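Following this line, the structures themselves.
Two complexes are shown next, each including subunit A; its partner changes from subunit B in the first to subunit C in the second.
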Partner chain A sequence: MYTETFLIAAALYAAGFSIPLIWWSRDLRAVRTLSLSCTILASLLLGLVSVAVLVSGNVITFMIYRPLAEISFGFSIDRLSGFFLLVIAAVSAPVALYASEYYEHLEGGSRRNLLAGCTNLFILAMVLVVASADMLGFFFFWELMAAASFLLVMYEYDNPGTRKAGLFYFIMTQLSTMFVLFGIIALSFRAGSFRFSGVAVPADPVVLAAFLSLFLGFSIKAGIIPFHKWLPYAHPASPTPVSALMSGLMLKIAVYGLVRFLLDVFAPDLWWGILILLAGVISAVLGVIYALKEHDIKGMLAYSSIENIGIIFMGIGLFVIFSAESLPLLAGISLLAALFHSLNHALFKSLLFLTAGSVVHATHTRDIEHMGGLACHMPVTSALFFTGSVAIAALPPLNGFASELLLFIAIFTSITVVDPLLKVLFLVCLALFALTSALAAACFVKAFGSVFLALPRSPESAGAKEVPRMMLAGPVLLALACIVLGLGAYQLFVLAGISVPLPDMMLVGLLLAVMAALTWTALYFTASRAERISETWGCGVHLQEPSAEYTGHGFSEPLDIIFSSIYRTRIRNERVFFDQKNSIFREGTAEIRLMKVFEEYLYLPAARFSLASATRIARFQNGCLDTYLLYVFITVIAVMVFLGWS
Partner chain B sequence: MAPDFVLYIIFNTLFVLAAAPLWISVIKKVKAWTQGRQGPSVFQTYYMVAKLLRKEVVYSSTSSRITRFTPLVTMAAILTAALFVPLIFVPEPAGGIGNIILFLYLLALARFFMALAGLDAGSTFGGMGSSREMSISAIIEPTTIIVFAALAFVFRTTNIFDMFARSAATGTITTPILILIGISLFIILIVETSRIPVDNPETHLELTMIHEGMILEQSGRNLALMELAAAVKLTVLMALLINLIVPFGLATTLTATGLLIAAVLFVVKGTILAGIIGLFESSMAKMRFFQLPSLFAMAFFFSALIIIIEVFA
Partner chain C sequence: MIDTALVQGIIRILLVCIIITAAYIISTRNLLSLVSMYSLQSVTLVCLALALWVLESSPVLLAIAAVSLVSKAIVIPYFIATIQEKIRIRRDIEFHFLSPTTSLLFSMALMLVVYTVLSHILRDIPARDNLFFFGAVIGISLMLMGMMVMLSRKRAITKVLGFLSMENGVLLFGMFVTELPFIIEFLIIIDLIILVLLTTILTVGIDSTLEDYHKRLHRFRLVGGTEERP
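Take a look at the complex of A and B:
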């Protein structure tokens, strides 16, 4: 029954992919609408299946194709897969709803058909990665996901910025695929099959290499610092629904991969957990610090995704550490926190990306310094973005807080850990985690304030109009999900049969509402009701100008200065003087530039190195037939010698 | 929910609202005395709130719904946070009320709205205030969480109610380590309530404006709510310090005499603490904004050291 539903859902995604390809040259809205309706329908069916699996705990397994005993393509949906399928379903339906309108406003004629089709392919690939029963299928669909997302990123390929972003993304995602492939091959050597089954002790160097390689592959895909650079390039360059899908879902697929391998394949060591925890903490703190500095709204959201993935990795790291210390209760809470935060981040980040896309659509700029005052022109969008901001800033009673609270509780109760050194490590992580969530609040005050409040800072912003209804409907669903998951977190866990030490957020929400109502009533009966609209006080100057407002740059300036050692601003100051003693100034140049630390110290040297070695290897390629014959001859001799030897 | 708890909600909220404005005036009075002035009456804050309630509200023409909602949300969030810190009577915790992290984030919720309202009118004062408030709150956050973690380590619970119940049971300070935690809590109190040397609550001039700059555009009943919310926040943080360090008299059962004694004792202890805050403020000069991180780093290392001692001891 559920098997059929799942297959129908997959077939619907496939139909959504092929329908626009059949009529690919016809620039018809109907084709795209049909394709995206398939997405919505398929997501609903998928949601049903995943909820059924989550509630019942049954595992759905079926084989598709089995050419050899060890090699097979099949699907298996257990609770973990079911959970991630639910995440995919919950995000892709609202995104498709939004895209059905958004794609119509893009340029590109019938190319938009391909965009709608590839969106379906992308979602289908993610669904199949999560549902795959063995590593071979996992890898195959992982690569399909990478290819589909690359096509989506390159939609506006005539824009040089997009081409650069696409290239960057392509290289990083292929690196990730390479590491995942290497890990899987290494594992299959040890296990003898491609099944997700446990392998021997972690001390085995091959298993260790497999873990490190897989961890690297998943980290690149998830955007863990220092492998994060593709995110702030690829997200702003892609169409908004694609950014939402990539940030909300694709990063979570990497999280799924890591959790799946840690749970089913490896028997992790303590230091693996410490490695994951540290990677998570560094990503979380640096991610939000870079987000504060970013003034491209989608770039800012991309950096904030890095931060949230860091938080998720922290949960996974803690899970591994607590498991290794045989503290199953705390390990359970940590894993639950990581998974719950994955769901929450998927919801509020896609909400933020979609509403940010609406803002960009209305103002034709991505620079938050050219926005402002949109709260009056786009009231619904501003309310939706606000909901997302409160959720991502981890403020009660919304869902971002619920999952971060779980992580806080896990660390706070880690008193039971025996090793004092581990406790000190947790202490440092705790402090940095608190810093992260406080900086995230500052970051989103800045984002919401600069985009929606005060006076418009550009004519486009002043003339912005609210977006069409369909582009509101998708985000409205996501915002409702954020509120429900926040308020009902405790009740949902009780329903799922998991006992968590979470406060009853419904009660907190109720108390907040009661307090607000009482305050309002008290004011209604005691206070004066007189109101007046006047201009903002400007020290007696009767002219309020947008240029006099606090800008986004200004807002983050104090934090810029406090964290200046992290931002690494390079100040260049060259002066030429008339005289020997350097006192009479002739001319000079000065420049303050934000260094791209990782790009300048890690990526570019790596790129230069691979280019140099490629040039060296290219010398063998002289295009002369004799030389190639010589190579073949040498190779044949070498193979014969090698075979004869062993 | 137990009837005890409902009664607790009513008592605690009424008591905190009634008592909160007192400490603000006491601090002002002490500061005036140290400067050789008479100072305002200790009931001055009550008069001011009453006066503000009668005044009309002036909204900026550029402001949005954020400005309209902020005073209400701030007050609601601070009052809900006040429920997490029992002032005079500690009931059995229910539904996770009293969770120390939730308490911290309810204060953050109020701050989030206040900072947005500061930006809303498009005034430079408000923007500067919001920016500084968010920066300061972000860099004090590691210290706060470490201090709270220290409390959780010492009391083996994350619930403030349980902590208070334990300290009330002994009546005196539970462990000497609490004195050290108390010092850190005092620094957090100074920072969170925007007092010297971090901010100057008396003025909104450009050198000092953080909190006052942020609420500069508020007026009438909205300003009254903001002032009252700030006073309640001060009281709640003071109560956290008082009921952990000098808990004697804190009621754990619901009796009229017990409540009365606890209330009187709390007012006395609070007045003394307010006096200490006033003296502390008078003995200090406002620090330069960019020197604050070093102060916070000091507080951070101090509290981290406490935990490390606690962990290894």
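Take a look at the complex of A and C:
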């Protein structure tokens, strides 16, 4: 029965994709609404299936197409797949709800039909990646997902910024696909088939190459530093629901791939775990440090995604390390923390992206320095953004706190068990992780403060209005999910039959509520209510100018100074003179800008190198018949010699 | 009945003759002797097929001999001679990558390589006798030498001759080792005739005037310098 439900859900997504294609030239709201309703319905069905699988532990397996004995396209949904299907279902339904209104406010006429259709295709591809029973299907749908997401990113293709972002994203995502393909081919050489079956020897160079290749592919897709650069380009450029889906779900699909291969295929070594852990820690710390400096609200959320993916990778790395050290209990907790954080991040990141999209929709700018004072104009949106911020800053009692706490507990407990060198590593990671959490909190205090509080800093911000109801309904669902998962974390784990060393968050929440109530009461009764009229130095708020208020830049300035060695500003100054001796100044430009370290030292040299080698190789094609004949001649002789010697 | 040993001796001599013609084709700069050398090579090939027929008495060999004689020794050389008469190039002095002397030396080395490689590849196959192995080596060498002619000469007309000599190599190899089906052999020859016809039409033209075809010659780079204009 679950098989049929799953198939119906997939068919609904497919219908959601094809309906707008049929009427692609008709600019009708009904078409888009129908398409997105299909998404919501399919997500509900998918959620049912995944919950059933998660609770019962049954594995749903069925074959679709089998052209050869070794090559087959089938689906298999076990608890891991079921969990990620739940993540997809939980995020895509609210996002579709939001998109049904948001897409109507976009420009582009009937192109919006394609946008709605491709959104469905994208979700369908992700569902099928997760449900695939073998590596070939996994790869096929992985590429479909990449293609669909590229089309979505390129929606506003007439904007040069979007074109640049799209190109960047396309190259990075194809690199990722290429590495995944290498890994899968290497594994199929070793295992003899494309099934997710174990290859036991980690020391085998082919298996090692397969792991490194897959790790690289998944890291690029997940946005692990230093392969992260596509995120801050692609997220701001794409329409909001697409950013929410990409950040909330697509990055998790990469996490799913890594976990799937680590669990089912490889028998990991200790140093694999250390590699994953270090990649995670570096991404977490650098991601949040860059997020602090970012003033594009969607760009900041993109960097924050990098940070959270780093935290998830830390959990996976710890899982591998503990497995290799044969500490199954700790390994279980770490993996659980990573997976739980995946779910939580999917929820609160899509919530934040959607509300940020509402803010951008209302103010027509993405720069948080031009916002401010929106709490009065958009009270519901600001409350929703606040919920997301509290969750992502890992403050109790919301869900971000629960999952990060699990990870902290895993590291704390392990310090007494593992050998000294690992202990040092763990302590360093623990310190950096704690720093990450603190900086994330600072980052979202800054974001919330400069977007919603104080006075409006631009006329658009002053004239902003609350968004339509549908654009509130989706985020409300996500915020409720964040609260429920936070407060009921312990109970949910008990329900799933897993015992975790988490405190009862309900109790924590209650304590916090009581504390808040007591504080409020105490302040209410003790505060003086006398009216003061102030002048002279204007420290009261009456005469204050918006431009004189505390800005986002101002808030992050101390942190900028602390981390200035990481940010690396570049000062450029060019002067032109009237005379030869450079004494009579004519004109000049000066610029202080943040250096894009990874772009300038990693991406551009890599691009230049590949361009140079391509030019060198292109010389072989010189258009002269004789040269081509020479190639054929040399090849024939080489083949002959090869046959003779082998 | 003719003595087998005598026929085998004759075959060996003919194979050496073929090598000599190939060496001449690769090294000469005189275009007129190039085409007669090609027809000589084809005639040698015909004789070779006849000698093999004496040895094996397979009717296919007779058919091959007949077809080769008509097409390669008469029809194709006739067309090429027509072209040469029209375009009035007597000498071929432009080369790519390899000069005639180098290509001669190179082809010697090539024959050695082919010999070593083939003796390695065919070591497990019970060769019927040494003669067939020898034929196979000469066949492949002839093919590669024809290719060398194609890549080292700049004129289209010599390229065509190189291609034709390459095909002779294939035919030789087929006669000695694999025994190509006659129908395929026949089809290849028809292809060759069409190729040569096309070259003729391209260079000379069906109904073009003198000025016209010179323009065309320049367009297809069949003649290089201006001194060859009439």
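The criterion applied here is as follows: the second predicted complex is superposed on the first by the 573 of 646 C-alpha atoms of A that agree within 3 Å, B and C clash if a C-alpha of one lies under 4 Å from a C-alpha of the other, contacts with A are read in each partner's own complex, and residues count from 1 in each chain.
As a working rule, contacts are C-beta pairs under 8 Å (C-beta built on N, C-alpha and C of every residue); 3 or more make two chains touch, one makes a residue touch a chain.
Computed from a predicted structure; not experimentally measured.
Which of subunit B and subunit C touches more residues of subunit A is settled by the count: it is B.
Of the two partner chains, neither subunit B nor subunit C is touched by A:Ile8. Contact with subunit C, but none with subunit B, is seen for A:Gly644 once the two complexes are overlaid on the shared chain.
By the touch criterion defined above, A:Leu629 reaches subunit C but does not reach subunit B. Judged by the touch definition given at the top, the superposed model places A:Leu106 against neither subunit B nor subunit C. In the superposed model, A:Leu181 lies in contact with neither subunit B nor subunit C.
Once the two complexes are overlaid on the shared chain, A:Leu21 sits clear of subunit B and of subunit C alike. By the document's definition of touching, neither partner reaches A:Ala462: not subunit B, not subunit C. Of all the residues in subunit A, the ones that touch subunit B in their complex are 373, 375-376, 379, 382, 390, 393-396, 401, 405, 408-409, 411-413, 415, 420, 423-424, 427, 430-435, 437-439, 441-442, 445-446, 448-450, 452-455, 490, 501-504, 507-508, 511-513, 515-516, 519-520, 523, 526-528, 530-538, 544, 546, 548-550, 554-559, 561-562. Contact residues of subunit C toward subunit A in the complex are 96-97, 110, 113-114, 116-118, 120-121, 140, 144, 147-148, 150-152, 154, 159. Against subunit C, in their complex, subunit A makes its touches with residues 625-626, 629-630, 632-633, 636-637, 640-641, 643-645. For subunit B in complex with subunit A, the touching residues are 9, 13, 53-66, 72-73, 75-77, 79-80, 83, 95-97, 99, 101-102, 105-106, 108-109, 111-112, 115-116, 119-128, 130-132, 134-135, 137-139, 141-146, 148-149, 152-153, 156, 158, 216-217, 220-221, 224-225, 289-290, 293, 300, 304, 307-308, 311-312.
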